[in-house]
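Here it is, the structure in full.
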Amino acid sequence: MGLVLPLLVFLGVTFLAPLATMLLRSVHDPVVADALPATLAALREWEGEGLPPEAVYEAAARELGSAREARTLGQVAGRVNRLQSGLRSVLTRTARDLDDVAGGPWREAMAGMDSAWVDPGTWHAIRAAGERFTARHYLNAVDMRRLPDGSVAPQPEERRIYLPLLWRTLLVSLAITVFCLILGYPIAHLIAHAPPRRGNLLLALVLVPFWTSLLVRTTSWIVLLQTQGVINDILVAIGLVGDDGRLSMVYNMTGTLVAMTHVLLPFMVLPLYSVMRSIPPLHMRAAASMGATPAQAFRRVYWPQTLPGVGAGSLLVFILAIGYYITPALVGGSSGQLISNMVAYHMQTSLNWGLAAALGALLLVGVLVLYLLYDRLVGVERMSLG
Amino acid sequence: MTGLRIGRFAHLAFCALVFIFLVAPIIVIVPLSFNAEPYFTFTEGMLRLDPAAWSLRWYREIIENEVWTRSLANSLVIGVSATVLATALGTLAALGLSSPAMPARRFITGLLISPMVTPVIISAAGMFFFYTNVGLAQTHLGLILAHATLGMPFVVITVVATLTGFDRNLTRAAASLGAGPVRIFRTVQLPLIAPGVISGALFAFATSFDEVVVVLFMGGLEQRTIPRQMWAGIREQISPAILAVATFLVVFALALLLTVEWLRRRASA
Amino acid sequence: MRTDRAAAAAARASTCTALLAACFATQAAAQSITAVSYGGSYQKASTEAWFEPFAAATGIRVDVEDFTGGLAQIRAQVEVGNVYWDVVDLNVSDVTLACDEGLLEYIDAEMLPPGPDGTPAAEDFAPGTLSDCGAGVVVWSTIYAFDASRFQGAGPETIADFFDLEKFPGRRGMRRVPMFNLEFALMADNVPAEEVYGLLDTPEGLDRAFRKLDTIKDHVVWWEAGAQPPQMLADGEVVMSTAYNGRIFNAQVLEDQPFAIVWDGQLLDINQLAIVAGTPRVEEAMRLVSFASTAEALAALGRRISYGPARASAAPLITTHLETGVEMGPHLPTHPSNMTGALWRDWAWWVDNQDVLNERFSAWLAR
């Protein structure tokens, strides 16, 4: 136990703490609550019907000004804007204009600056953005939203994006798993029952892509599949397609499927191979001697014995596929993107880190469930590396 | 019987195609990296084996370009440090896991291997949030810790695998002859598990050397690595210089593969 | 010269490995700053016109990074507290956003150099090119271009032609963002330029723009970096593509590409130089911004790539293209002959609407 402890501590700091931070991010966002405490406190008195009382306007005027001075206003406005678009500039402009206003009544002053201030929707948005702990990122991640009255409803049609994407990710991962099985099973069989020297050589051929940098393999597929690429050139040269009818095989779903199957195939072959190697050839011969056709012998004798390998390989490929990011990002174009790409998008481009964390948490739970299943069926300690 | 023949032939032909699918993409970029033109296809001159169509210009470009040499230095520094860390901690843990007295073995093994199956985008996002809070983002140290975490499961797996074939009587014998635990480790266990440790270390190094997502999220300008540089190149505009780097990485991968295979033979012999 | 830095970095890095410490220390006030631009020919032009002369004049070396626009990296650096970008070239809506968020240092017009005849900066810069945190440098535009050698008869002439698959079959390149594309879609749908944003502000107008984009969606190749469209046109990956006008100009004059620009429906935009908040090199950064926003420096850029200058006094200095002697005037987006059907991008509208539209655009792309 003492020997494992250093690594457990290390893992706790470098891996588990980060995951915990991410989970916290997905439900916790203090920016608005910290910037507008008095406004939010005053808003709590408001029933949500009609306009809030003057006290709310007064607090808002004061706190918008101080947020502007502290230069946190942009972050506050950005978060409110996510709940109702258009409010970003309302908040920043109002804060700027309020500099010239000496005193109340604040409601009239603000209403004069923008009619949004006499729209209850604005205040609902501010109140919702002010929740320190919130489930809205998770709602958002499953294409739902909270209405002003507190009920939960689906997003409007044109904004539903994550559930279809999750669904697509599952289907693509499943397809890749099936492709890997179809391609991997015969070659695993060939390698497992070849004479040792040849078997080792063939196994090395499987391992070459396994060791080669992922970026190199992805680059290769771009070079092969692009419109002016090697495969299209060959097809044109042998006259299968015309020069103007070159196929689009990359920067779309085809690219994602081909490249990911290539990347994940070794993870299918290796477990299959280690199971098949342990099946004595005697079994097949015995079946044949008892009159079974090769097809029958395969179906009744061989295939059932390889099922543990099929299960292990398929689960492993599936687990790795649903979290894949690099390959779809580089060869997937717009139609070949998966859920991980959306996490990256919100991490790096839209900077909606709460939503990125919520999507990541959902993905993490999915992977953990599959991982537990794998452990139950295969045992993690038997995960082989070739 | 002819049906069987046809079946066998079909099987072999199918396997041949799969092997081509596996290896051809990796081989094809090697000749293309010697293209004298800035294209990614075989020019007519190349197909005629015209010497003028082949050139080393892209190799010259990457060697002379300080961006690539700096990335290589970063990749090596981060990779080696992460490997040392992952190997030391991972080997210790594997020894612990293999001892019969280990409680909750299954759970802890699962925990230690989890960074390998967690989608790297999630690890990277979490690390970005956490390492930012503690001031480790955009430092070499942060990346070294992150890469050590991602590479460590490989060390645990390979060393545990070597230890399953390990005869515990040897350590017991050494202990009965008066050797202390450190001495037993150094003179009895280490030589026997060395191939596993080295394989694990190579896996860990390869993981770090190929890792781009964490670098993308957490690395600054000073932490540009080779994969990070390739990523930028592929996204914007693939120049054949990328293919030259890729060729170098393929050769490197082959070297790693051969070393690991050789170690495995030695371990099983 | 730059190898010392590599050596220093390597030395520092090896200290890190030895001690796993000292990595926290950021570089002390160095004699170098980092400027960030958009790669490709624009970056090359900025380097030659601004960064290299600045280094020669001051002894402060400028390392040039590239990006594809946006605030993500800047925000990450400021949030992390490790700012390693100093001067960034941003479009005006990003400057506004970032300024409100406290990501940029304030730049007062009084800190900027006067015109060659002594006109104060505030008067010399064109209206709208200065803001709280940015010093205007270029007026550029998003246009669409085509490879003339691929059309036997007449080539496309209007923005509507870009959406006309019957008259001009083939794939189109478009930037993978809703910005620009929604405007183009409406203008191609016969909406006059001045009514575009009024219409986009209504749900019906947005639906109409997306419906128009639907008609060519299956024939679009999406690009992200400004260097991609000329490459895609040259490779024959697309027959026409939206692009930044200067990139196409450089491909025309420097690489002799048979590209032609369609100015109808062009979307004009302004880029500014800004300083990342919290950089320890703020003084050097401000010196670079002042240097690059002089009339001479803007003209030096304008003679390398066809982007118009942000200040009036620079315009007469932009005569011919330095390398080829081509007359620059007709290639600038603001030239009168190019302005029919032109539209200034409404950056304020985009600041408010880009979050929700980016989301909707992603959903639309994925469908």
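Should a chain be cited, it is by its letter among A, B and C, assigned in written order, with residues numbered from 1 in that chain.
What we mean here is this: a contact is a pair of C-beta atoms (placed from the backbone, for glycine too) under 8 Å apart; a residue touches a chain by one contact, two chains touch by 3 or more.
All values derive from a computational prediction rather than experimental measurement.
Counting C-beta pairs in contact across B-C and across A-B gives the higher total for A-B. Ranked by how far their CA centres sit from the centre of chain A, the chains are topped by C. Chain A has its Cα centroid nearest to the centroid of all protein Cα atoms in the structure.
Our note on geometry: chain A versus chain C, Cα centroid distance of 30 Å, whole angstroms. Spacing of chain B relative to chain C, judged by their CA centroids, is 38 angstrom. The mean-CA centres of chain A and chain B are about 23 angstrom from one another, to the nearest whole unit. Multi-chain contact residues of chain A (touching two or more other chains): 226, 228, 348. For chain B, the set of residues that touch two or more other chains comprises 128, 235. Those residues of chain C that touch chain B in the shared complex are 2-3, 6, 9-10, 13-14, 16-17, 20-21, 23-24, 34, 39-40, 63, 65-66, 68, 76-77, 79-82, 84-85, 224-225, 227-228, 231. On the side of chain B, the complex with chain C involves touching residues 66, 69-70, 73-74, 77, 80-81, 128, 132, 135, 137-142, 144, 220-222, 232, 235-237. Taken together, the chain A residues at the contact with chain C in this complex read 70-75, 77-78, 81-82, 85-89, 92, 158-161, 164-165, 168, 226-228, 251, 333-335, 337, 342, 345, 348-352. Within the complex, the chain B residues that touch chain A are 4, 7, 11-12, 14-15, 18-19, 21-23, 25-26, 28-29, 32, 39-42, 89-90, 92-93, 95-97, 99, 101-103, 106, 108-123, 125-131, 133, 145-146, 148-149, 152, 154, 156-158, 160-161, 199, 203, 206, 209-210, 212-213, 216-217, 227, 230-231, 234-235, 238, 242-243, 246, 249-250, 253-254, 256-257, 260-261. Interface residues of chain A, counted against chain B in their complex, comprise 1-8, 10-11, 13-15, 17-22, 25, 183-184, 186-187, 189-190, 200, 202, 204-224, 226, 228-230, 233, 262, 265-266, 294, 319-320, 322-326, 330, 340, 343-344, 347-348, 353, 356-357, 360, 363-364, 367, 371, 374-375, 379-381, 383-385.
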